[in-house]
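Two complexes are shown next, each including chain A; its partner changes from chain B in the first to chain C in the second.
Showing the complex of A and B:
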């Protein structure tokens, strides 16, 4: 009987194009959109050197220190400026035609000429202010103690940074990944559509098909479990396919522990499908209302897990930390992030433990409702 | 006895859907449950199938109390629900195979039974069609095929011909009669008196959850006071003509509506000859004249004071 029901159910679910769209193609489409959006975001993050000119007049040519400092920050791959040494007239023309962000007149005190505000002029001004401040400090120290020149130069050349970024695990901090992980969590929870359908097709008071199946000589709970196996298999396969797509096509990093990534996906899928069954058995309204509740809960959970706005996850953690643990989509998102970011499993285990508790609650709740075999009304 | 339901009471709040109803169905008969919409036919069926809780009474099917766990009885029952209950994603063949498979595990036997059901319901040309491609009539036939493929001993059909074209309806009724000839006991619910009259060997008329009459169609018709009706299609008749018709011996009533005069005789009486004579004498113009024997609607009308379709 298991094979008969399971096989038929697989056929039904695989032929339900609407369900397949929402549970697989929709997340794939969203992932592609995310990828396009975040690619542009990363392109914007790449620093473009500021186009700057300096008037190569006599004072500039005589000020070797300034010329050296300016040339120093205008060479190499991580240069700040694309520097042009030119005449005053040419510099003015380039500024007017917006070919440069500004130009510098060396003079007695170097001066920045810009046509307005913006990132380029601000960077140039910051550099110039910093140089002038440094020059002033050096001049005043040397005026007091000319013998300290060498030590001063050594210290200036050995600037120290007192903070550094460290990763507690193998991965580098990457807030963009959270968007994709929450998308996987959403996909797992779209498995709720499968769970919903299973309950609709087993509760005789919810559909004629369920009533018809209920009068057949098959134990109701067995029939439900056999069908659920098909739903779980399809949803788990969809989630794994989706992860494969993210990893191989979009190049999303999941860390090194593939086995645990698969385990997390399977746990997410199980929780998602049982969540749908739970909602469907709990909400005593028609199918549209049940689907509405599933979508509302999934999308709210995804939003709070940072799918639409990355900072939201941290806002929730800071202001309502308990909500982070009550939102299964956040737990799942965080579990994936833990596998990528940390090399210890404490936080991951906590997430998975709470998710498992949710799944047990969903299963028990569903069982308590659907175990009823006769109804007050049909 | 195949079904023995005693003193069934089912209440929905203030509404009593079944009011101390007794239903007995003997092996081999076609038992009809006739009644208007809301009379309790489907509620009674759902109670018998152990889908619905009931407040009082007892139900035995094949000699054993009917419960959701009585799989032995369930295995012998074929049910055709009022609403078509099939999987939209499966083909005709796959749907019948699925439902048959809930009763029959052996694949070879099942294939044979499914093919027989397809042939029986005339769905040979549609075996690879999905339900949404089928017309209303074909869909009903698929619904029936899913219910009878496993060759049940008891077939319960709940309004199987609702929204079906006359051609499909006749095909369905012929099929049900054949199933009965092949040995199945049939319980058939409908609010179409013509169907029940044509098909059923014994009929129970339901109204407001109560059985108001039970018997063969002849026994039911014998319960009422009216006999043959003579119906004359004519223009508005004058008072004198109506009075003359009313004066015929044995006539219980004369009425006029929608272009026809209806002369109703008492039980066992006939008035056709006298009506023709009066029409000839009066010179009244008429386009057609016909006679009708009492129908189940007349039985229902006389007992409840309203028509089956009111």
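Showing the complex of A and C:
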């Protein structure tokens, strides 16, 4: 019996083009758009040497120390500036056509001419300030202890770096990834459309098909479970295909634990499908209302998990931490995030644990509502 | 005008759904436009940029206080928990770019002439990280000069002297700008989002009329009536234009009411003109979509793909300057790109002579051409459909 129902159901579901569109093609289309739109987003923050010009006038040529300092930070791999030494007129033209962030006029107090505020000009200003400030320090130290002149000059040249970057284990920071993780979570929860259909097609008062199935000599719960299996299989396959597409075609990074990524996807898909069944059995209205509720819940969940606005996930986590645990879509997003970003599994385990609890609640709830239904008349 | 009246009836029936859509889109547009609005005025006086950092100090000494005070000039301190997880989360979402950890006993080591190292957790290779790194090292190196050079100097004295030194500042000049002032304001964001919301509503509205009229039985009945085909098309189109006008007035009106102060200028009129051209083009596009698709189920799928797709590629959700050059090359085939481009240009306008506005009107012209082409295409399709 299982094979018969399972096979028939599989055929039924695969022929529903609209459902396949929403549960697979729509996420794929969104992922493509995300990829196109966000691929350059991080480049915005990436450091590139600030393009500067310095006017090679008399005061600049005479001030060897300043020239040395400026050239020093403008050469080598880790240089801060891409420096050009030019005439005043040329510098002005370059600034106007946005070829440089600003130009420097040397003098007792160096001047920076820039087209606006921003990090580039700010870095240039910090450099000029530091040069002035060192002079001031030297003056005030010499005023107190004139004998230390030579030592002081040595020390000036020996600038130390007081910071050491410690990179914690795990993946690199990349806010764009969260869009894709939450998109997978949404795809899992679009599996709710399958769960919804299963319930619609088993409750005799909801669809003619269900009425027909109800009069067949099969235990209702069994027939429901068998066809649920078909739904779960299709949705799980869709989610895994989607992840494969993200990883291989778009090159989205999921971290090292491929096995756990697959497990998370299966878990998410299961929760999504049972969620649909749960909503469908709980909401006693017609199909449109049920679908409306499913879309409303999954869209709100996706929004809070950062699918439309990436920072939203962090905002919720900081301000209403409870909500991030009560939102299954966020739990799922966070599980993928943990697998990629952390080298520990505590937080991942917590996410999966709560997600499993949700799945159990959805299953139990559905069971309690649809069991032992009998219809005297429809 | 029986066909026109029929269309109005269909619109009326669909009105609740359309109003709901419009309300949702308005709320979303307003939320996002308000979240994005920043830098209302272009600076004419230079102020150093301040970027987000976490200052995680395990001790409170004059030296750490001095450092923090100095960093405040270039950083905005974000309060986060002093744990690896909290710092990592904040870095991932770029809430902070730089986290500085000061361990217990740092000041003592520093004063005794050792060179203690501070741990930083950063987003590697980002501008803000480089910027803050410069500031931290500048402070500590200056302090180091005093500690090494003046024997027996106290912490408080070092901090005081350094603070005095760091008051020295170079001069920054921003020359007068010429006609263009960077003011991305509420309106320009709102009107950009209109490309998404208005198009969605139009496709939905126009298609729901067309789906009814294209029903086989209804269309046969209509064609048997003594109304010429041309007159019918004209009447349908008039109804669509009315629908477009309604949606456009509602949405631009909402923007005006929400931001009256910022709307009483020529820029707002230009925004309105631009969005009006886009709305008409949108009607043409909706007409084309409606003549291609079959059935309501396909409608929401096509609607989503077309509106989301053109908005992503056209620079509605992600600003055009962040899109890759290859994407932009492709986007030029979308009216949304030209609409958004015109909007962004309008946002920067302060002088309204032909020299400055030419580019804006050119973009509007492209949008109008797209609309006309879509409309013509749908008429041709309609004629073909009649023959078969």
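The rule is simple: the second predicted complex is superposed on the first by the 313 of 378 C-alpha atoms of A that agree within 3 Å, B and C clash if a C-alpha of one lies under 4 Å from a C-alpha of the other, contacts with A are read in each partner's own complex, and residues count from 1 in each chain.
In this section, a residue touches a chain if its C-beta (ideal position, glycine included) is under 8 Å from a C-beta of that chain, and two chains touch if they have at least 3 such contacts.
Just so it is clear, the structure is predicted and the values come from calculations on it, not from any experiment.
**Q** Output check: A:110 vs chain B and chain C. Expected answer is one of first, second, both, neither. What do you get?
**A** A:110 contacts chain C only, not chain B.
**Q** When the two structures are laid over each other on chain A, which of chain B and chain C touches more residues of chain A?
**A** C
**Q** Tell me the contact category for A:62 with respect to chain B and chain C: first, second, both or neither.
**A** neither
**Q** Give one of first, second, both or neither to describe whether A:8 is in contact with chain B, with chain C, with both, or with none.
**A** Only chain B; A:8 stays clear of chain C.
**Q** Quick one: is A:36 in contact with chain B, with chain C, with both, or with neither? Answer first, second, both or neither.
**A** second
**Q** Name the contact category of A:127: first (chain B only), second (chain C only), both, or neither.
**A** In the superposition, A:127 touches chain C alone.
**Q** With the two structures laid over each other on chain A, which partner does A:375 touch: chain B (first), chain C (second), both, or neither?
**A** The answer is first: A:375 touches chain B but not chain C.
**Q** Under the stated touch criterion, which partner chain does A:211 make contact with: chain B (first), chain C (second), both, or neither?
**A** first
**Q** Tell me the contact category for A:357 with respect to chain B and chain C: first, second, both or neither.
**A** Neither partner.
**Q** Show which residues of chain A both chain B and chain C reach, each in its own complex.
**A** none
**Q** Please give the residue numbers of chain A that touch chain B in the complex, ascending.
**A** Residues in contact with chain B: 1, 4, 8, 11-13, 15-16, 204, 207-209, 211-218, 220, 373-378.
**Q** Which residues, counting only chain A, touch chain C once they are in their complex?
**A** On the chain A side, the touching residues are 18, 21-22, 26, 29-30, 33-34, 36-41, 44-48, 80, 95, 109-123, 125-138, 140-141, 144-145, 148, 151-152, 155-156, 159-168, 170, 172-175, 178, 309-311, 313-314, 317, 337, 341-342, 347.
**Q** Could you pull out which chain B residues touch chain A in their complex?
**A** 12, 46, 49-53, 68-69, 71-72, 74-75, 77, 79, 81-87, 89-90, 94, 98-99, 101-103, 105, 146
**Q** Quick one: which bits of chain C touch chain A in the complex? Just the residue numbers, please.
**A** Contacts found on chain C: 32, 35, 42-43, 46-49, 51, 74, 84-85, 87-95, 97, 100, 115-131, 133-138, 140-142, 144-146, 148-150, 161-162, 164-166, 168-175, 177, 182, 297-298, 301, 304-305, 308-309, 312-313, 317-318, 322-324, 327.
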